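One structure coming up, written as structure tokens, with questions to follow.
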Amino acid sequence: MSARDRILAKLNAAPVLPKAAPDIASWYATHRSSETTAEKVARFRTCIEFAHAEVYEVTHASWLQKLWEVLSAKEIGKLLVAPGTAHGQRAITELSQSGIECPGYDSPIEDWKAEMFHDIPASLTASRCAIAETGTLVLWPDADEPRLMSLVPPVHIVLLDAATIHNTFYEAMTAEKWKDGLPTNALLISGPSKTADIQVTLAYGAHGPKELVVLLIGEEA
Amino acid sequence: MSEHALNFMPSEGFRARAKDVVENPFLRQSFRGAMDFLIGKRAGQFPNPEELETLRTLGEQIRQYNLGKLPALLVQLEENLSRNGIQVHWAETPDEANAIILGICQAHSAKLMVKGKSMVSEEIELNHACEAAGIEAMESDMGEYIVQLAGEKPSHIIMPAIHKTKEEIATLFHEKVPGVDYTDNVDALIQIGRNVLREKFLVADIGLSGVNFAVAETGTLCLVENEGNGRLSTTAPPVHIAITGIEKIVEKLDHVPPLLSLLTRSATGQNISTYFNMISGPRKAGEKDGPTEVHLVLLDNGRTQAYADEQLRKTLQCIRCGACMNHCPVYTRIGGHAYGTTYPGPIGKIISPHMLGLEATATMATASTLCGACGEVCPVKIPIPDLLMRLREESFSAPHENPSMRGQGAGYSRLMTAVWQGWAAVYRSPSLYGVVTWLGSRFGWLMPSRQGPWTSVRVPLKPAPKRLRDMLRERG
Amino acid sequence: MTQAQTPPPRPSDVYFFATCVVDQFFPGAGMDAITLLERQGIRVHFPEEQTCCGQPAYTSGFPDEARKVAAHQLTLFPENWPVVVPSGSCAGMMKHHYPTLFAADPVRKAQAEALSVRIYELTDFLVNVLNYQPEDKGAECTVVLHTSCSARREMGVHLTGRKLLGDLAKVKVAQQDHESECCGFGGTFSIKQPEISGAMVEDKVKSLKATGAERVVSADCGCLMNILGHAAWKDKQAGLKNPSLPGEHIASFLLRRTAK
């Protein structure tokens, strides 16, 4: 018998009475309220700012201007973008004119891993949706916008559409039917990287981005 | 079983190790301060007692439901992980798990493994096994990195280096990391760690991680962390190996949100961790990063023993938040190292006997006042005090056939059993009780002034000259 | 918490289960608790055959021995009267652990369950059944209250002692740090792990003394034995004649404050 068979045999031999399935939906129905978009935006902001992220409310028309301002203020001249996405293309087209270099993540990491780790000060990605309750961005990396973009560069800038903010994590995954198809790596991000491992003192930028910037796209003014 | 595991006898020297810490006012103060901080953070996350109570009940139900169908869920998990391209391995013992992991490393001619935080990898002493095989295993969680650099083991499952001050870490970095000047600025220390470890992530052959929840229906491995080292370990190297105990499984994806909320709020008092990482496969065709191979090692190591017994099975409900140790007055006094086991504190006391046998862990269950603080905060309502009493019984009862646990009867002593039998004979019989307590009240002045350990810090006990029943009789 | 939410009607009779610690070491506390109940017009019955709830053996890992002792107590309370216990710890044993202890014995299990609903910790009984409102007749003083872990976490009666003291007009109740933390007694724990137990009681006594309260009161004599035993030991080490932290059972304190 293999280890697998022995483990399963031992578990199957245990006298176990099946337990009723937990009623998760009703707990959320009674303990979490459904808020308007404006309320969700406010809650999301409060939570993620508490976790040291920067949030700027922008529009579809204005986010590139704000992005440029943020990069200028941080004296960042180079931004990693996803050329296969619409926002990546807009960044390449418009920021390059303003003197910001916009390299694209367009070849496998093996071809340029050292450059990614040493020479990329910032990146821009989209988020799929967000969670108001915890101030959380949901990222769904894919072939166009790969996983390391939101992890290795010291500054990570994220576009978020206010209309996609859910009340809770539970609502996000059930409303969007995540169980029917998860990507290779789905991510919840709720602030810049941090640690309290030295004398319970909080420090940012442990391994991931030191700074997280959210460009929150709302209704056109 | 490997040699170091055989020599792993935490019961031996427990009292001496505890005494060392208890008599060190500096350590006492530092543990107390850290635990008070974590207790306060958790309390701030649960302002509403009704929400807390119903959420804990839900957490308990989720864990019990999933344990109730564990073997079927493991098979389902294996099917779905395999369908997603994740290779599943099963290990009954730490040695088997180490052999599987080293086998994967050797197939890739690996020289460097970076490790995200994984208590199961501590449980199997993977770093030892890697070292013996000539593979460098580098811890990347800041706390784990500090502890590894110091040649120590974690003293807390969430805060591995909680026993160290920033000054000690400053000295450690200055001495062990080339080219680093002494600084006790915490931000600067973290940047030193970040810079050292970034270079390791860049070149590592293998990334190793633990698992917080494995979702059977989707074939997904979930990891909770704040630093990003878990994400780096599972994304940057070409091969990712995850290791987990067989109990960390949930059937449905929607079982995760309540457990995640309970976990981070109970552990560090955060409403959510910085990262929640859900991995459902290796790099797909066309994707530009992520490991090309992902493995999951499912470890038994005594968990099936706990599973076989209805009461002991509750041990496996644990989601490893560490709140029980943060709230434990014993842990607060002695810290994690005194326990001598991978998992310290109340959860360590109830899970270690299944991993190491009661023969090696019998003392641990006695090191509790059964105050109930652990059970009160447990996010999945593990009745830790009841389990401690059960382990005491398993240890002290005379060895018998078909025991529920390895090492049953290890603490059996004829003398102690006779003492309790004598006690029961007196206290079940009103007449004997009457005689014995009458003698006690009349001759209480004869009680010795030294009463063993009791009088090491207390005045001796003396029965009152008249018992309550005597006073009542006199009153009429 | 675990107590019935609607108070039962005021009984004319109760049983008093003193506990072995009170019977042998704190008989005055038992007398005072009985007097306090009698002053409320309750007839108090003390079954002479009572000994111990069985908890020492139970928590030490000897359930068979505990069961023998507990089985004896099961037979002592035939009338359907409340059983009042001046200890959260022993009350918790009888209320919550007896039914488990006799799980394999249907007859005794039924007895244990029937008894369980009649078990009351003293302060809970005074507040929630008798609605006792003590009238303070003493001088101004400051006390500090220590509540046992069983009273707090098993019985959920940690607020009733505080309520009773709060009702005393001239008594100020000081607040110690780490109030809900265990004193370190834990029965046989105190002799099996004397170093840890000693550290815990040391910290507890420091916290209690730091409040400046002139005495500690508690509804559990096990904790008092530990706390006062350490405080007296410290005094002896320091050569003090008068106790720096006197203490007593809450029943004794209440009785003295309300005596005419």
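Assorted remarks:
Going in written order, the chains are labelled A, B and C, and every chain counts its residues from 1.
We adopt the following convention: contacts are C-beta pairs under 8 Å (C-beta built on N, C-alpha and C of every residue); 3 or more make two chains touch, one makes a residue touch a chain.
Just so you know, these numbers come straight off a predicted model, no measurement behind them.
With centres taken as mean CA coordinates, the chain nearest to the overall protein centre is B. When C-beta pairs in contact are tallied for each pair of chains, A-B comes out on top. Computed centre separation for the pair chain A/chain B is 30 angstrom, with centres defined by C-alpha atoms.
Centroids of chain A and chain C (each the mean of its C-alpha atoms) stand 54 Å apart. Annotation for chain A: no residues touch two or more other chains.
Partner chain B is touched in their complex by these residues of chain A: 2-4, 6-8, 10-24, 27, 31, 47, 51, 105-109, 113-114, 117, 133-136, 142-143, 146-148, 151-152, 168-170, 173-174, 178-179, 182-201, 203-209. The part of chain B that touches chain C in the complex is made up of residues 15, 18-19, 22-23, 28, 329-330, 333-334, 365-373, 375-376, 389, 391-397, 417, 420-421, 423-424, 426-430, 433, 437, 440-441, 452-459, 461-464, 466-472, 475. Chain contact summary for the complex, chain C toward chain B: residues 18, 20, 22-28, 30-31, 34, 46, 48-52, 54, 56-66, 68-69, 71-72, 149-150, 152-154, 180-182, 184-203, 225-226, 229-230, 232-233, 236. Only residues 34, 37-38, 51, 54-55, 58, 61-62, 64-65, 67-71, 74-75, 90-92, 96, 140-143, 146, 159-162, 164-166, 169, 186-187, 189-191, 193-194, 197-199, 201-202, 217-218, 220, 226-229, 231-232, 234-236, 246, 252-258, 260-261, 268, 271-284, 286-290, 298, 300, 304, 307-310, 313 of chain B touch chain A when the two sit together in their complex.
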